[in-house]
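Lettered A, B, C and D in written order, each chain numbered from 1.
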Amino acid sequence: MDVSIVGGSGYAGGELARLLFQHPKATVKHVTSRKNAGKPISLLHPNFDGVSRIKFSLPDMDAVARDVDVVFLATPHHTSHAFVPDLLDTGVKVIDLSADFRLKSVERYEYFYGEHDHPEYLEKAVYGMPELHAEAIKNAMLIAVPGCHASSAIYSLYPVLSNDLIEPFPIIVDSKTGSTGAGIVPTPASHHPARANVIRPYKLTGHRHTAEIEQALLPSLAKNQQHAFKVSFSAHAIDAVRGILSTVHVFLKEELDSERPLYKAFRRFSKNQPFIRFIKKNAGLFKLPDPKTIIGSNFCDIGFEKDPLSSRLVIVSALDNLVKGAAGNAVQCFNIACGFAETTGLDAMPIFPL
Amino acid sequence: MDVSIVGGSGYAGGELARLLFQHPKATVKHVTSRKNAGKPISLLHPNFDGVSRIKFSLPDMDAVARDVDVVFLATPHHTSHAFVPDLLDTGVKVIDLSADFRLKSVERYEYFYGEHDHPEYLEKAVYGMPELHAEAIKNAMLIAVPGCHASSAIYSLYPVLSNDLIEPFPIIVDSKTGSTGAGIVPTPASHHPARANVIRPYKLTGHRHTAEIEQALLPSLAKNQQHAFKVSFSAHAIDAVRGILSTVHVFLKEELDSERPLYKAFRRFSKNQPFIRFIKKNAGLFKLPDPKTIIGSNFCDIGFEKDPLSSRLVIVSALDNLVKGAAGNAVQCFNIACGFAETTGLDAMPIFPL
Amino acid sequence: MDVSIVGGSGYAGGELARLLFQHPKATVKHVTSRKNAGKPISLLHPNFDGVSRIKFSLPDMDAVARDVDVVFLATPHHTSHAFVPDLLDTGVKVIDLSADFRLKSVERYEYFYGEHDHPEYLEKAVYGMPELHAEAIKNAMLIAVPGCHASSAIYSLYPVLSNDLIEPFPIIVDSKTGSTGAGIVPTPASHHPARANVIRPYKLTGHRHTAEIEQALLPSLAKNQQHAFKVSFSAHAIDAVRGILSTVHVFLKEELDSERPLYKAFRRFSKNQPFIRFIKKNAGLFKLPDPKTIIGSNFCDIGFEKDPLSSRLVIVSALDNLVKGAAGNAVQCFNIACGFAETTGLDAMPIFPL
Amino acid sequence: MDVSIVGGSGYAGGELARLLFQHPKATVKHVTSRKNAGKPISLLHPNFDGVSRIKFSLPDMDAVARDVDVVFLATPHHTSHAFVPDLLDTGVKVIDLSADFRLKSVERYEYFYGEHDHPEYLEKAVYGMPELHAEAIKNAMLIAVPGCHASSAIYSLYPVLSNDLIEPFPIIVDSKTGSTGAGIVPTPASHHPARANVIRPYKLTGHRHTAEIEQALLPSLAKNQQHAFKVSFSAHAIDAVRGILSTVHVFLKEELDSERPLYKAFRRFSKNQPFIRFIKKNAGLFKLPDPKTIIGSNFCDIGFEKDPLSSRLVIVSALDNLVKGAAGNAVQCFNIACGFAETTGLDAMPIFPL
């Protein structure tokens, strides 16, 4: 399958390139970057030194439409608006890693992101979460890949919400993330002397991913729970390059006699999902998920602890923000949309320790 | 004032030594370590190379009672039990950094820590939080220095609970901490290859500090709120050497017309406290507290954000776990108990960036 | 090809497991650990959660001899002594990652490592550096995988020494390494609070790898240069989990009119070697090798700069100490010894940024 | 003594502010920043939140000349050119942290830095290294504070060169440094995802500090050694915020019977210097210098190891690039120039562990 990566100079674009270069069914025809056109991609992504001679090209949508079947957009938010309609008209499948087509509601989009140039495509896009929407992804022409924090939150909450085990409010998602999540452009906040050793609350309220978390989870709730449903999300920057851990504090609907329904909910959710691992061990250093153990892989690990002193349940999920939180998930959607085995090109084991 | 540090080989002991060596009113007579007796303290604390020639001595309580007026115990939990009664009998003031005398309730103590050898002293001990108990500290013979996570949580919550601004339940404290908090003894969990780059949920429920947080805050609540009051605490290990950030998710009692009561509560609490800083800025990189900006100092920074999408209030507090979370706070208590100005020996400005 | 990993609980053993589990021609029959026998290997190597159900077994050499064709020894130094003779007697190929059989000279071995139980095998062992000894590796029954620092130094120096471009003395190798190089056993030196943020000269002189560096390079020198040849090695610990950078300071035999002979020497050396990359770029962030760009891969990157102010030449080489510096190189030897393509199971692209 | 800090928005300026705010003999009248004039300095240096209300002012040299006795220039290279002549004309003492007046030779300056606007001041400036030039500093009107790498190299080499113990060539200085050395302006090289976990050779040859190292040390050599003298310097970036370790590889003039002359040389040099510590221990984790143990302090630690296998001597020195490598050393010069005790305002003990 011939594919293009539009917006290949950032971290998600680089990670897409790494996964697609090694994908047995994909041939990368273009990696575009307006600013770096003509330069070898190894200039920005030095892991490709000697392993790929491909050069950045200009984002020429005619060439893309002519040469490939599937295009991955790893462009900044708002940039996809311009490309998507024309690409779809030519029959190319679009897998968009930006936030542009993740939300169904124009109002919510505009509240969080500002004006949308093509709101008519919002309904057509499929939210690219294979664990929830595999069927829709199969036939989708426009796939909106979920946000990294959103994925982490949704995987944590879906098992317990869909089994009606927890209250629909309050739901606290306290997320911690490495520095690649903020992108490749240097800023005062990303400057190493300022960014190293931080434990920085960078977005305590009003985080944009709140909208897609709620949208994705709402249908899983019982009808009479939906009106009260609300997710309270906060994001922190810590000293790591990759990785997200979301700590989700929720409250059980009623005191359970045993933890069996919880185990059952998480096991059932993860059982048939190749990239969701339910982690709960009695021994060893990593009894619960920690991004450290899955960096570079497409896994999302989930685990939980029941608070013995209250009705609180704490769920944690760990993923690599550039893989399961972006490029890896995009490739998983690509596999489904193209009829390949879901794990094609995504089965490298994590490297540990990193 | 002549003082001793009993248990000087650990991180809290080393930090006590650093602060007391430079304290204009204190003279350190002994720094004890059973295991390292006879060795220069700079062997374990290399910052003292060339600046202190003091050697570790055996923990000889007779010598301590004879030579000094105040003794700091930086011994592991349970070790203080043995020393405290005899020391108090000799009229020496004891400032204990362990958890042994922090709780009033024997039941709570035994639930979290196991058997207590001298429960009769629990009631006599004063919880060494200068911002809440300055008067009692003045006359105390036994001061129990609060735990690091506990301090961070209490400073965050006291302003809003004592002003009846939030619901007594749920109160989620999601804490992130560096590696010194786990002590100086190497373990598989503290091994650098395993500890670097983690975002590790190491104690999601049942953390011992929960007990002292609730004990310290309960009296600040209105009577009719106390029965429902419960704090849900979770602790995470992240890649930093020092520092705690507690993110406290709480719910306002009713929608406020403005944030003024919140500002007022935090400002009033911090105004007369030399080491509590209320941080809320509109510009710059550090709009909210981050341990990065206070490492090495006795400050605890607090700040908040009101969630525009729900009744949630998010409070954050940052401190250096070895200073305001341990040794610095102990010295602050010492100052109060000895009638010195509260900031004596504690006024070094933080170093930034570290 | 059926293989065993003896000594699978350490970092090199874990990395061998990762590479061999994914190797298309290898089937791992045993991963032994005396201490952890019976436990799943994912207990110590959490990257295998859900991807391998294999359990540690006791190091039973009869079983190994019966079941497999090739055994990898990832045991501590001195431990291989006991296993190797018996294994070789049964006709099993042995690939030893320890230092036990790297040196030819008993005297040198004993100077650096202490007594050797089976010095008669020293001559039989082949030094497992594919770039220098591919032919010998093909037919070897006992392969001694080079040390991590040694590999880095040898790859840097071979091109210039074998082309008679530099003086045989002085040759300064100033090496910097991450924390995995010191193994999986927690020590005060590996304790995170003590190990983070260090720039620690941990072995300035007398490093054991000096012996194998000199042994490996000596034959490449012109006869009349050999008597003066000496390598001066120093090792530093810095804050990284993986990676070695060796900075090699040498002196050109005579002033060169141009850098062409240097380019030629490095290009010729790297050209036919699948895992040696010669890096010298005029632009971008990574103009010279940096372990950051090759972590997780079997690459060793080399580059150089000629000092415009003296006859000094500075060569740098970067590798992942657990891959090209240990397990990856072992698998490369395995491929050669078994007649597989040299890159089999080793062609995953590096992940960047990590 | 009234002082000004011109160029207060960078890291050296911030560190000067920290030291001078707490200096018992100094009163800071201005901290200038053209770009940030009017803003509180705590906006850029959050450690000053609540402890200093001073605001950045415009760099008005008339005000400076009118208000203060001593001005510290922490401006970028080339910027000092414009300020120095006018300031000196008004009788203000100038302590310049930039490289502008460090070199005596215009040719060397222009080779490394480009054109100099006021070469006539080069000879008048005193190189601000208290350990070598205390007398000159006492009466200097223009003090050029040494570079951070240069200080580290000079302190390492002076004892052995001035005692004629080592060959004047080759002298290899292999330096490793944290990220603050590159300044406060974000760049692709300082971007956290790109800068974390590096072991990056960023300036292997031609580093500007070479010139001042050679200039400072040349007079200490015997006359007949001077023609051969040359220092070969290389700089590496590693993952730390502060700190420099220089590893200096040199060769003894002749084999010594014992290490006594070396000990004697280092001891004699450090004995009367309050901020030079000679570190050589037989036990503990920090047997040799490591920046980790001196961060935040004005110490420079030096130590050595004699290579038992060759005539090589390895000297290491560790300092905090922003303190002894910049602002601390500037304050030490200030103390000398003003007749204060040399350690005034510089005697805070290092904080450990950080």
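One rule holds for everything that comes next: a contact is a pair of C-beta atoms (placed from the backbone, for glycine too) under 8 Å apart; a residue touches a chain by one contact, two chains touch by 3 or more.
It should be emphasised that the depicted structure is a prediction, and the values quoted were computed from it without experimental measurement.
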Furthest chain, CA centroid comparison against subunit C: B
Subunit D against subunit B, contact positions shared by both copies (same if over half, else different): same
Chain centre separation in whole Å, for subunit D relative to subunit C (CA means): 38
Set of subunit A residues in contact with two or more other chains: 11, 178, 180, 188, 193, 196-197, 239, 241, 285-286, 290, 295, 353-354
Subunit C partner contacts - residues on subunit A that touch it in the complex: 11, 14, 18, 21-22, 39, 43-51, 180, 241-242, 277, 279, 281, 283-286, 290, 293-297, 299, 301, 348-354
Subunit D-touching residues of subunit C, taken from the complex the two chains share: 169-170, 172, 174, 176, 178, 188-189, 193-194, 196-201, 204-206, 210, 230, 232, 234, 236, 238-241, 243-245, 247, 249, 251, 285-286, 288-292, 295, 305-310, 312, 314, 316, 318, 353-354
Interfacial residue positions of subunit A with respect to subunit D in the complex: 11, 178-180, 184-188, 190-193, 195-197, 239, 241
